[in-house]
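Next come two complexes built around chain A: one with chain B, the other with chain C.
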Partner chain A sequence: MAVALPGATLPAVVEELLSEMAAAVQENARIPDEHLLSLKFIFGSSAVQALDLVDRQSVTLISSPSGRHVYQVLGSSGQTYTCLASCHYCSCPAFAFSVLRKSDSLLCKHLLAIYLSQVMGTCRQLKVSDKQLTDLLFVKKKQAAQKDSAAFNCVHLNTSQCGARANRIWHKQVL
Partner chain B sequence: MLRMAEALRRVLNLGSSADSESEYTAEAGSPLLLLGGPGSGKTALLFAAALEAAGEGRGPVLFLTRRPLQSLPRGRGAALDPLRLQKIRFQYPPSTHELLQLLCSAHEARGPAPSLLLLDGLEEYLVEDLGPQEAAYLAALLLDTAAHFSHRIGAGQGCGLIVALQIQEEGDSGEALQLSLVQRYFPAQCWLHVDASGPGQRCLRACLDPGGQGPRAEWWLAFRPDGEMTVTPWPAQAGKPSSDKGSSSEGQP
Partner chain C sequence: MDFESDDRRILERPIKQKVKSAETTLYTPQKQMFPRTSETSANKKKLLRGGLAERLNDLQNRERSAISLWRHQCVSYQKTLSGRKSGVLIVKILELHEECTIQVAMCEHLAGLQANSPSQGEVPRTGLKVLFTKETARHLKGHPQDIVHIYPPWQMLIAPSGSCPVILNTYFCQKVVAKEDSKIIHEVHCWDTALPRRSITLAQRFRFRNLTNISPESQVMYSGLTTRRTDCTHGHEEAKQCFPAQAPLRDSLLDAVESQGAAPWSGVGVRVVVQRVYCLPYRYQQGGGSAAPPDSDPPRVRGCLLVQDAYGMFSEVHSEVTILKDQQLEGKSCSLMGMKVLQKATRGRTAGLFSLIDTLWPPVMPLKAPGHGQACEKVKNHMPPPSFCYILTAHPNVGQIDIIEEDPVSKLYQPPVPRFLKEILQTNDLSTRCSFYARVIYQRPQQREIWLMVTDATLQMQDENNSGLPKTIPVCVAPSCVLSQEVLEALTEAVSHSFFFRDTVRAQGHIVCVERSVLLLQKPRLGVDSGAHSCELTGPVKLNELVSVTQVNSICSIQGTVIGVDESTAFSWPTCDMCGNERLELSPGDRDTFSCGDCSRVVTSPLLRKHLQVFLDCPSRPHCTVKVKLSQTSISSLLRFAACEDGSYEVKSVLGKEVGLLNCFVESITTHPASCIGLEEIELLSAGRASSEHCRLP
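So, the complex of A and B:
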């Protein structure tokens, strides 16, 4: 699977960092500390939150027989957010506010978690029917209370705990 | 990534160079937003792009618009070939809800995937109390639908996407926010400016900004009273963006 979401535009520096991380993971099955630091430098606190989401395997790639696919990310609050696979869109409030309205963030933590889970190969896969995929994309207005998506209950597998590690390194270096 | 801009460039180049077809192979490309005021020829250009794509021996063209075209824009005889017209599939989603539903379920449709997806009059779908996030979702879904069609076509080719959006001279702040949200998803943009309207024909200027992926380019579009459109390259251009002669205050944001 391609690492970058096609059609999405990331600054060259982020693209470069992600491909370096992917290479490092392939080689050592581990993200080097300096990459975690760079990530935190670029994305701030979102980086740690995104790494936490990856640690919890919260990212699911959902595809249907048509070949269309979409991502769902189980947020820390238990809410599930839908992210498009072809361009930057997330249904979370932070994306609406910080990315779309204020333009002071590149991505929300859920989109960043998608990139990172691709890099680390920890993306869960789920096959649904074409009709089910339509229903996932076509979310009716004001349908906020959909917390009980049992299919996406997270499992704490503690693979590498990158989020916690990033936080530790950050504090060691800065404080 | 430049390919959609190339597709429109090919349409715009029709009037000038007949041998441009060999230069631009049948490919889709990055999505393009066509911007202009009322009566600036957006529909005519979209239709010309549809006919152009339908003539390349490729998949059908999907043309989305809220209401049927008032009249078929005129073209040269060959371009209005019924075989080409048959490959253009019009759909008229009557509301934003229906448009979203169409895009979300596009992967359920059987048959060959479109090689070009066109939407005329995006502004008619952006009104209707659409919040910023919903407006962004609509733009993003257009990209996602075209990306899915590209996936189905496969192998080097892809599905192009051109969306026409009417802009007012002095839009209110709500419209400005929606415009900036849509532009976020469409870095390549083509602006149409009404340049002069003599007796008998209307002239427009088309300025193509491929979103930092190539040089800007400009064309003259002239519509004769019978509706026939002629396109000529803007003379003073020729790859010299420093020449600001003739473009008074119509800078793009």
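So, the complex of A and C:
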């Protein structure tokens, strides 16, 4: 009788799927249909949405001289979301709801888009100063005011600790 | 907030401003905040054409219909679907838990994974993990000790770290319950307990191999023809081994269709020759494609192959366009596998397909007769042309079309026979498809059609007196005829090109390119190809004069005397002398000058364009009102000496002037109450030099 392994299966499955897609891209081969369908199987409707973001080259990796990285994804509504590079976090409301609150999804479409853009090699790169990166990580008043009534608890990142540890971080909307 | 994982920490800072508490927000989300994750909204959004999202969207649409068909069959027939034993995975569920709405079943593998997949390595005999989506799990109602049959297409992934294989895409599964156990199981499992949920940490990012920093521009088109079958084992970086084993090829399409029925072919392949390759717009695919897209988008197309087997039976195979891009398939023998019948087409309902089939009948080689092993000469001569034809589609994930080198069935290939236009026009039979080489000397898009005026050496070199054949012939390209990118680009160049028109149909006085007609661009070369030679014209193109039999949408030449001017439509307007912008604005400061929005400058010396329509008295059409919209050059020469002091022109001074020879496009012909012809002066395309008027396609 097989021993039930403790811990989760899905991460390994996703890693394997992404690895095979990356292998196909590296060989300049077409990504097989079944891999796309497996993406859909695991991620549901986020799969098509994430692929669309990748097709439109919406993912940017922002890095600063100190070695910090963060991702920005231009969502379909025109809103830009910030995703951390060290752990699974995205500033979009769907992440807060589906991933954090309900644990219904493994990733939001933006986080999935980041992985897929790495697989496809279509991630844009942007270099900014340390100060600019820090500012990015603090949500500004004006950006926050665009959302009607969303509000999250925000945490100011201790910049010296950023990137090294896995944190669940909340962004604050200052109204 | 209840955080399940220990290794998350929150750094908090006292909040000065008034902020809604996170708990409230996250607990009662307001609907408009969240992007809808329903599939309908994802589909309504426009996806980038040719992108991965569009590909997956199409795949998932097809998959969804297959799934609902499957579920319907399971429910209504209430029996285990047999007959497709190969590829069926049989497992016994040992334990179930849930991860992010996916049900993960630890299973014991009972049957279905062959040990003879050599590149795979040892498939663990017992342990398998099978994943089910929430919906599938709901239908399945699996419990430990249940035996589940999983039908293809399913996917297997094996992580190199050596843990047990994982089965995905398990939409087509069915629980098999032995009769004697069913009662007991029903009692035990009549309530649904919630499954234990395993949480997944957000702290750990996914790591994957083969990470690359290259940014490919676009997917390199693979020259292979296959879409891989899915009963494949994955996870091994080298060879990919597909099982079940290659099916022996049959010779008869009819046989394959009748034995497989409506199901996708499994374990069956047929040897055929590809007679024609073309594309069909979606709305012409009867019986089972997706709905036609809105008119603003160009119609989506499917690649099609017209194939024939050794018994002479035809079939039209629908597949992805990418497979057919190279056109290398025509004339080759191929094996068809994993097909599914879409429709049985008959002469009455799909006349266009059969007019094409008729050009390939009778076959050039003796066919096999059913029941006879060898080909029969007798059969070839006496068989009537086919009256029905199956339309097949390459089933997603299992459909496969492979070239077979040097198979005798390829001797049945009949390429389209090009004829000279003179020959074509002299034939009275309008029902057969015809192919020819011709040079396009003028083109005009009209709504959704494109009218091309073509000619070849045989029409141009006619003696005036002898034949009543026109010097040029209009070809209407209907929206159902799919033009390749190369052809569309050539047409937008507004240069005279030669094309090979394949399998077009004839109409009264013109030729029509419909569905299944193909245009191929002929590149100029020094070869001795007779077709290309006929497109080489020895002198400037001559047109017929306007006569009583001239039709609308054709071109002709006219000459005559000006007897009137349409003053109501005579006007001139300034255009920018730099960019040609026709919509200049009055300069804000100085009301006397114009400014060009495109160039962002003041136009000091604008070019005046004029619109002038004159009535001519043409000797070739004596009792007819001929109205011609003149070109800029003709207008200039006509008005050269007619200017008045104030810049306007005196009508009297143009009356009686001789005009001609002008090349014109016939826009309209009315016969009642009076005979009127509306023409527009045009400039013919010449090879290598673009013409300015009305030659650009939108």
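We adopt the following convention: the second predicted complex is superposed on the first by the 129 of 175 C-alpha atoms of A that agree within 3 Å, B and C clash if a C-alpha of one lies under 4 Å from a C-alpha of the other, contacts with A are read in each partner's own complex, and residues count from 1 in each chain.
Here is the rule we use: contacts are C-beta pairs under 8 Å (C-beta built on N, C-alpha and C of every residue); 3 or more make two chains touch, one makes a residue touch a chain.
Computed from a prediction, not measured in an experiment: that's the story for all the values here.
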Partner chain in contact with A:36 - chain B first, chain C second, else both or neither: second
Touching partner for A:23 - first (chain B), second (chain C), both, neither: second
Touching partner for A:121 - first (chain B), second (chain C), both, neither: second
Contacts of A:133 with chain B and chain C, given as first, second, both or neither: first
Partner chain in contact with A:66 - chain B first, chain C second, else both or neither: first
Partner chain(s) touched by A:76 [first = chain B, second = chain C, both, neither]: second
Per-residue touch tally on chain A - higher for chain B or for chain C: C
Doubly contacted chain A residues - partners chain C and chain B: 7, 9, 85-89, 96, 100-101
Of all residues in chain A, those that touch chain B in their complex: 6-7, 9, 64, 66-68, 84-89, 91, 95-96, 100-101, 130-131, 133-134, 137-138, 141
Complex contact set, residues of chain B against chain A: 100-101, 103-108, 132-134, 136-137, 140-141, 143-144, 147-148, 151-152, 177, 181, 184-185, 187
Chain C - residues contacting chain A, complex: 3, 7-13, 15, 17-22, 25-27, 29-30, 32-35, 37-39, 42-43, 45, 47-48, 51-57, 59-60, 63, 94-95, 99-102, 104, 106-108, 126-129, 131, 133, 153, 155, 157-159, 161, 163-164, 166, 168-169, 197-216, 219-222, 227-228, 230, 232, 234-235, 237, 396-397
Chain C contact footprint on chain A (complex, rising order): 1-5, 7-20, 22-23, 25-26, 28-34, 36-42, 44-49, 51-52, 54-56, 75-77, 85-89, 92-94, 96-101, 103-106, 109, 115-116, 118-123, 147-158, 165-170, 172-175
